[in-house]
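Provided herewith is a single structure, encoded as structure tokens, for subsequent inquiry.
Labels for the chains are A, B, C and D, by order of writing; each one numbers its residues from 1.
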């Protein structure tokens, strides 16, 4: 396989990219100024050194020489009594954009699908246990399980509750779930019965 | 214009139907057995006599000789203390499918768009006033405003509250809105800040 | 089933219409002025008397009291030496819009799918035979088989050629097919090999 | 801007890639094995040295130490009497896939849009002139202008003909265009009049 085909093969492994678009990416690079190409090459080579996983919440952040915790975990003003467990880094961005939450996070790194019996390697169950153990001395009161509203997300919630059962026994630490209801822009006509039920129960 | 073109012109006024599909409908009729065609013609001619608006909630229902109220309004087991105001007939179907609500309904017949200053003719503001007036003697406690979660829907909620201000003054009748939150299947990553805020506030 | 449900059931049989849209159509009728409803009902009842199949080409046309042939077949200026066989009425409209063809038509009424062994009832094979027999005395020279460029269309072309084999034996009548090539707006990159081959062979 | 943001900014310039997908690409790289990351970085840095433009047809090809012409231009069995002028490298792939053409190519590198008065820098008009001049001594007979069937493509065809007017004067070299017609899978009902006209004229 020549260099062009190898490059295209790499791009074909990018998420959501098929053969035709991978080829376009390669042609795009062939047209770039040499300096851009050089910069991109160096960024690719160094990204795993410069962007590291936060030792607390596990999300990726750009290393800045100040430590191994991300800006949120390192912020003394965040509310240590709340820990929101999410599936992916991008969930944290969405929550932060809403400006509504001041607690801390933990990125589980995946879901526990309904028919799965053992944890995927990427799932950070042990890491979560450690963090909860550590935080229960420091005032942790609430684990907010913020998974997707589908069967796998719900199963992941149950899995996390059972995973932490011993850690929270004999503590006042509670588990909560994000509220269900009608989301912005949604029409009653297309809402499923479960969503309508929640919207009705949560009316105010 | 010949008969075929006239028929197509009628079909072009059907909701969501363009010229090409209108023409297909006409060809469909040309292929139907005569008896089907005759039945359809009679149903069309008689539909407005056989399907009437419920004198209480205003939704359409098939007349059955027993009165002028639909099966829900006529049901003595429905909870008269709750009145849910919706935009369209189809909203009632969605709520009923969820099996969660046992109160009564009122179909407003449209929205009050944000920049509108006067009520559309189809909006049944006066009808709603009358119903609330009548029901307040009979135990009405809660008006649930179940409009869409978009600016027009929210404006319609405000409009209904102001419309009924005098009716509910000096009564214990309250206004409530369906709860917001994440709906089934939705992913945090794509949720808007307002929805996330509601989901967080309604966590349980 | 009440009248409303019966009407909805009729609309659900309209081509491309599902339950939700069928219901919208019924609600549309409930809102129409009585006079419109009456007109639509009469058009539906009478359409099969007023729009009839042309006795020559078989396409539907609005009867005008002048005869049983459509305006094209009845036009003495059309070129009787050419007969274009198409699948559907709407194909004739497309050809006529192009203003390029002055011959006559025959609507076969369907295709002969690849794996089918016997003719569907709607296929007018016998009618086509009769027309070709009649026209061969009157100067018919070319049967243009204008079916879709897919396996079923190509099979229909072979079927028609074999169907008319005896009729055209010992006559100068030929069979032709519409030319393949790049169609307006198409890009080489997305064209299939067969189309590119035809476009190359037909270059000019 | 930190490394992660810089990397995302590079990916956002990839064709067809928005912010969200650029971010996913970066996360994809963060998860890759170090060896893959290193290989990708090296391929990116070296691609412009290893993939070069063919000095004859101008398309990109992976250098293999054997010369500056691509495998097609370097193949003595290709028919030098035909030169097909295309817009993009990917057009050549499509033509080659069809297995129908044995002549040579030239990649113009873009189109001459209808309202443009001067040539874009990327357009290789001068290169084309040189090639045609050189080939006319060697038996060139036909320039096949294989641009898209839209106004810009047609204008590009006219532009190339006028560009080469002096080169082909007093020679037997002709200009041809790919044939128009119905492409595989297309239905008459949706074909534009121009396509139908060509399909009719090219019937066979």
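Please note the rule applied: a contact is a pair of C-beta atoms (placed from the backbone, for glycine too) under 8 Å apart; a residue touches a chain by one contact, two chains touch by 3 or more.
Computed from a prediction, not measured in an experiment: that's the story for all the values here.
Chemist: Farthest chain from chain A, comparing Cα centres?
Modeler: C
Chemist: Centroid of chain A to centroid of chain B, CA atoms only: how many Å?
Modeler: Chain centroid spacing, chain A to chain B, equals 39 Å.
Chemist: Compute the distance, rounded to whole Å, between the mean C-alpha positions of chain A and chain C.
Modeler: Taking the average C-alpha coordinate of chain A and of chain C, the gap between them is 56 Å.
Chemist: Quick check on chain D: which residues sit in contact with 2+ other chains?
Modeler: Chain D, residues with two or more chain partners: 90.
Chemist: Looking at which chains touch, is this a line, ring, star, complete or other?
Modeler: ring
Chemist: Touching pairs of chains, all of them, please.
Modeler: Inter-chain contacts occur between A-B, A-D, B-C, C-D.
Chemist: Which stretch or stretches of chain B touch chain C in the complex?
Modeler: Interface residues on the chain B side: 2-7, 10, 13-16, 21, 23-30, 32, 34, 36-48, 50-51, 60-62, 64, 89-90.
Chemist: So in the complex, the part of chain B that touches chain A is made up of which residues?
Modeler: 86-88, 90-91, 93-95, 97-101, 144, 146, 148-150, 176-204
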